[in-house]
Amino acid sequence: MARTTHDVLSVEWIKLELLRTAYATRGGLLATMDPRAVLAWYVLLALAPWFTHDATVLGLLFAFSVVMVVVSRVGPLVLGLFVVGLLTEGVYLAVAAWLFGGDVDTLMALAELTLKLGVVSLASMAAFVSLDPEKLSDALLALRAPTLVAFGVSYGYRMLPIFMEEFHTIVDGHRLRARPVPSRGLFAWRTVVNVGVVFVHAFYPMMLNTAKRTRTTVEALETRGFTVAAHDPRSRQVRLAHLRVTRRDVVVLSMTLAVVLASYGAGAVHPTSFR
Amino acid sequence: MSLPRTDAPTTPSGPRPGDETHRGLLSRRPDDLTQAQKLMVFVLSMSLFGLANIVTEVFPEVTIGPIDLSVSYFVFVPLVMVCLFNPLYAALGAPLGEIVFTDLLMGDFSGLAEIEGYLQMFLALYLAGSIVRDPRRRGQVALAAVVVVVVDKLLSALVDIGKVWVGIEDAELVEGLPESIVAIEAVGLVVDVAISGVLFGVVPALWLVPRLYGKIEPLMGMSPRDPVENPVPVLRVTAPTVLTGLVLVAAGTGFAFLEGIDANVGVWEPGFLDRFGTQFLWVGVGMACTAILAVVLVARSVRERRRGR
Amino acid sequence: MTAVIEVDGFRFRYPGAGVESLRGVDLTVEQGDFVAVVGGNGSGKTTLCKAFNGLVPHYWSGRTEGSVTVSGVPTATSTVAELSTVVGYVYQDFSNQLVRPTVRDEVSFAAVNFGLPDHAARTQEALEMLQITHLADRFVWQLSGGQQHLVAIAAVMVLRPQVLVVDEPVAELDPGRAAQIYECLARLNASYGTTIVVIEHHTDLVARYARSVVLMADGAVVWHLPVAEAMARSAELDAHGVPAPQVVQVARAFERTGPVPLTPADAARWLADRGIEARPAAPTGPTGPAGGTARPVVARLDDVRHGYRGVDGRLETVLAGVDLDLHEGERVALVGSNGAGKSTMLRLLTGLRVPRAGTVTVEGVSTRDVSPSVMADRVCYLYQRPEEMFLTDSVRGDVALYPKGRDVPDADGLVDEVLALVDLQHLADRDGRTLSGGQQRRATLAVGLAMRPSLLLLDEPTSSLDIGSRDGVIAMLARLADHIRCVVVATHDMHLVAEWATRVIVLDHGDLVADTTPSRLFGDATLTNRVGLVPPQVAQLGRALGMDPPPLSVTELVARTGARPHAHASASGPHAGTEVPGGTHDA
C-alpha cells in the first residue's frame, strides 16, 4: 500500500484540531461575549436540566444546546468524540440493565439521564470552545480563583504545541531507532503493546527535558514580577480592567433564560413522562 | 544549553550554620521548600500530566463487549512526580494540568464537577505520595500506584452513582437499574485498576522512578528525597490526618451532590421530600457545608504555607 | 559618565559547590555603554550577569562577599522584583521565558504583574522599540526563533530598565537574524540610552557592535577595555578560548602588534593602507562543477511538492516542485532562511513524511513503499536539539538502540568503535543531557554512525555551540566521509558551509534557487542578499579585495594576497583603521 499524506485522521490533524479548539479560531456567537457572561450562560444551561424529570423540557433544552453548539462552531473532532462517548455510554448501560432484567422502562430512564448529561456536555462544549485561554483565565481570576490557576491556563496553552511537538519527535525517534514490531499479532495486540511501551519510554526524556525548561521559566517568572502579582491587588485590577459586560451579553443571557423558562412552560402544558 | 553547566549549581546542600549565607529563594533546609521550588514542582507536574492526558486521547482503545479496555490516564506520570518531589505541590499541579490541557481543550470542561474531579485526583495523589517515604523502595512505589487509581476511581464511582440517583426519577425503583449501575462501576473500577493502575501505573513507575531518581532533581536545583537526609513533609497516618482525609472524601462526594441537591431544593418537589423526609435535606445541607468548609480550610492552609516563607 | 553597575570585590559560591564561581570581581559599567562579556565556558559570565539583577544571591542562595550596586542601590538589600525594573535579563534559552499565548500578552506580562496603570502604553512602546508591532496579535509559538527573541527583549523592556542583559543572543540564530538582533540592541542603546550587556562568543559581532569588552577567566575579570584595544589583544583572547574575528586574524597574519580592523570594510581599508592586494592568480578553492557527474545517485527527489495545513485550514506550500539528485561522496549543505523548506526536505528524505506530490527515493526505494522504520536502514536524521535524540539514560544506550533493535551482528563492538570515533568512551555511561553542548552533538553523531546509513541528514549540527566545540564538530563531520555515502546538513552556519561543504543547495520559499559550491555562493552577492545569507568575514573581505571566487579561510585569503605574512611589521599608516565606521555592513 503506497503511503500518502492525509489531512484527516492523522496525528497532525488531531494536533491542529486541538489547537483550533484551544484558540477558538473558528469564531462564533459566544466567542464575542464577556467571558464572565459566557461562564454564567454555561452555569445556567448546565443546571437547567436537573430541575425536572419531564421529557418535553429535556428535549427542548437538548435541542437548544444543539443549536448553540452549531452557532458556536464546535469542531468536528470534539463533536465526534462527544457523540461516540454518548453512544457507548448509552449502549453499556442498556446492555447492563438488560442483563439485570431491565425492560423498556429501564431504557427510558436511561434516556432521561443521557439527555441531561447531553445538555450539560453540549453547553460546556459551546461555552469552552468559545473561550480562548486569555479570556478564560481572566474570567477565573475575576471569580477569585488562585493566580496559579490562571497562570496554569495560559502557560498550558502557550506550551502545549511545544510539548506535543517535542513528544512527537521523541516518539518518531523510537519508531526509527528502536526494535520494529515483527508482526501485528491478533487484533494488532503487538502494535498496541508496542505503542504503550514507546509512550512510556518517551516520558523519560520528556520529563528531564521539561524539568530543564521549568527551571528557566520559574526563574524568569521571578524577574517579571509573577510572585509580586500574587500578593498585589493592583495587578489583579489592572488585568481585569478590560472586562465589560455589554448589551449583547445581557441579551444573550436573557434570551437563554427565556428559552429555559419557555421549555419549562412547554413541559407544564404538555407534560411527557419518560415512562 | 547543557546541564549541569559548570557555572551553575548541580549538587546543592543545606546552608551550613554560621555561614554568612543569604537566604535565597532556593535556600535549602529539607523541610523548607522555597517558593521557587514549589512553583517549579507545580509547573512541571502540571505540564507533564497535561501532556500525558493529551497523549491518552490518541491512544488506541480496545472495546470487548460493554467493557472498554482503554487507558483512562497515564497514572505513572503524576505518580513519578509525587514520588520524587514534594507530594503536596506535585499533587496540586497534576490535576490542574489535566483540566487545562484536556478538559478545556477538548471542550470537555464540566463546571462544578471539574472541581470535584480535581479534589479526587489531588487527594489520591497526595495520599499516594505520602505512602512513599523512600522512592528507592519498589514496594512503596507500587503500592502508591494502586492507591492513586483506587482512591480516585472509588470517589468518582460514588459521584457517578450519585448522578444517576439524582438525575433519574425514582432511580432506585427502576427494574435492574441500581444493580446495573453498581455492576458497571465495579467492572470499571476493576478494569481501571488493572490497566491504569498496574499496566500504566506500577509497571512504568517501577521502570522510571529509579532512572529519574537523583537525576531530575538537580536539574531543578533540588536534592533528591531521602528518608534520612532529606525527608519531605508528608501526611503521617495519625488521627488528625485520617480525619482530614475523611473530610476531604466528604468534600469530594459532597461537590457532586451539591449540584443535585441544589437542583432539588430549587424545584422543591414534594414527592422527593415525602420519600426521604425533611431530615434528608439537612443531610444534604450538612454535606454541602462540610464540603465548603473543607475547601476553604484546605485553600487557607495551602495559601498560608505558601505565604509562610 | 556615571556608573550604573558597580561590582566591588564580589565573590560568590553556589551552595554545595567546591569552588567559588566568582572570585573577587571588580567591574564598573558606565551608563549608556554597550558591553560584551566574553570568556570560556565556566568563566563565570552568566553568574556575574545574574548578580546584576539580584538573582544571585536572592534566588540562588550561596555564600557572598563584596558588593554589587545597581543604580546606587546595593543588591543585597533589594529584591529581585525591585531590581528587575532597573536591570532586564534575557535568557539564552529565551523561548522558555515566554509564558503567555500571544505576543501582546507576553510583552505586557511584567507591567501587568507590577500593576502599572499605564501598562498598555508601555506595551505599545516596547513593541515599537523592537519594531515588532506587526506581530502583536500572533501566537508566540507561531514565531520564528529570531522573532521570539525580539519578543523576549520587548517583554523585558516594558519595565523600562536602565540596563539590558542578554545572555548569548544569537546562539540559536542564523547570521542574518543575529545581525538583526544586534541592530536592535544597538538602536536601543543609541536611541533610548539603554545600557546593554551581552554575553557573547561570536567576536565578529562583538567587534562590530560593542563599545567595551570584559574578558573573564576563572571567575574574575581579566580586563575591561574599549573594543578596539580588546580586539587588538587577539593572542590573549585566543588563549582564553575566544578566537578573534577573522578580519583580526588576517591583520595579525601580517602584523603581530598594533591596531586591527573590526569589520570587513575596515579590513579592506587596513590592507589597502599597507599596499596589500589580491594576487590575480588562479583561485585555489574547490571549483569542481556542482552536483558531480558520473557518481552514483544515493537519493533522488523528483518534482517533490509538500505543504502543511495551517491553523486556519489553508495549505501552506513548503516545497514547490523540487528536483534534486544527491550523489555518493558529496558533502551537501542545505541553506536558506527559516521557513525556506530545509527541515521539510530532510523529513521527506527520512520517510517520516511523504510528499503530497512527486517521489522521494533513497537507493532506489521510494518512501511511499516502505515504512519509516524500514527506511531507517538507509537514512538517518539527526535532530537540531540533541536532547530530543537522547531516549535512554546513557549515551551508550542511545548509540546501541538501533544496532541492538535490529540485531546487528557484534552490536557491542560497533557501539564501542563508534564511541571511540567520536571520542566519548569515557562519558558513555552518562546521560546525554548532562554533557556539554559539543559533547552532546558528538553523541548524536555517534547515534547516526551506529545506524550505518547511506544517507546521513543533520539539522543545524553547530547551533548554540561555542567556537571551540563547533570546530570539533566540523572536524568530526569531515571524518565521516569513510563511513557514509552522502551527508546532508541543513544549516545557517556559513563557517560550517565554508569549511566543510563541497556542494551547496540554496532553498528560498520552497524553490531550489541555486545548486553551487561554497566559494561560488559567497562570490554571488545578489544571491546571498536575496536569501539573507551572511558570508564569513574572509569571504566578504576577499570579495572587497576583488577575489573571485572569494576565499573560504584566513589562510587561503592570506595566501592569495601578493604579500608575505609578517612582511609589514608594525607599519601603520595615517588611517590605522581602528575606528568603527558607522556599522554599515559590507555586502
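Order as written gives the chain letters A, B and C; numbering starts at 1 within each chain.
Here is the rule we go by: a residue touches a chain if its C-beta (ideal position, glycine included) is under 8 Å from a C-beta of that chain, and two chains touch if they have at least 3 such contacts.
Chains and their UniProt names: A = Energy-coupling factor transporter transmembrane protein EcfT; B = Cell division protein FtsQ; C = Energy-coupling factor ABC transporter ATP-binding protein.
Only a predicted model underlies this, so the values are computations on that prediction, with no experimental measurement involved.
> When contacts are scored as defined above, which chain pair ends up with more C-beta pairs, A-C or A-B?
A-B
> Average the CA atoms of each chain to get its centre, and name the chain whose centre is farthest from that of chain B.
Comparing chain centres, C lies farthest from chain B.
> Could you work out how far the Cα centre of chain B sits from that of chain C, in whole Å?
Centres of chain B and chain C (C-alpha means) sit 43 Å apart.
> Distance between chain A and chain C based on Cα centroids, please, to the nearest Å.
41
> Rounded to a whole Å, what is the gap between the Cα centroids of chain A and chain B?
Distance between chain centres, rounded to whole Å: 20 Å.
> Using the touch rule from the top of the page, what residues of chain C touch 2 or more other chains?
Residues 59, 93, 393, 431, 433 of chain C touch two or more partner chains.
> Enumerate the residues of chain B that touch no fewer than two other chains.
3, 25, 36, 211, 215, 219, 221
> Using the touch rule from the top of the page, what residues of chain A touch 2 or more other chains?
155, 157, 204, 208, 212, 217, 219, 221-222, 227
> In the complex, go through chain B and note every residue touching chain C.
Checking each residue of chain B against chain C gives 1-9, 11-15, 19-28, 36, 211, 215, 219, 221.
> What residues on chain A touch chain B, complex-wise?
Contacts found on chain A: 11, 14, 18, 21-22, 42-43, 46-47, 50-53, 74, 78, 81-82, 88, 91-93, 95-103, 105-106, 109-110, 112-113, 116-117, 120-121, 124-125, 127-129, 136, 146, 148-149, 152-153, 155-157, 159-160, 163-164, 167, 187, 192, 195-196, 199-200, 203-204, 206-208, 210-212, 214-215, 217-219, 221-222, 227, 231, 274-275.
> In their complex, what parts of chain C are in touch with chain B?
Residues in contact with chain B: 14-17, 21, 41-47, 57-64, 76, 92-93, 171, 393, 431, 433-437, 439-440, 464.
> With touch defined as at the start, can you tell me which chain B residues reach chain A in the complex?
Per the touch definition, chain B meets chain A at residues 3, 25, 35-36, 39-40, 42-44, 46-48, 50-52, 54-55, 57-60, 62-63, 65-66, 68, 71, 74, 76-77, 80, 93, 96-97, 100-101, 104-111, 163-164, 166-169, 171, 174-177, 179-181, 183-184, 199-200, 203-204, 207-208, 211-212, 215-216, 219-221, 259-260, 262-264, 266-267, 299, 303, 307.
> In their shared complex, at which residues does chain A touch chain C?
These residues of chain A touch chain C: 2-5, 7, 12-13, 16, 19-20, 23, 25, 132-134, 151, 154-155, 157-158, 161-162, 166, 169-170, 172-180, 201-202, 204-205, 208-209, 212-213, 216-217, 219-229, 232-239.
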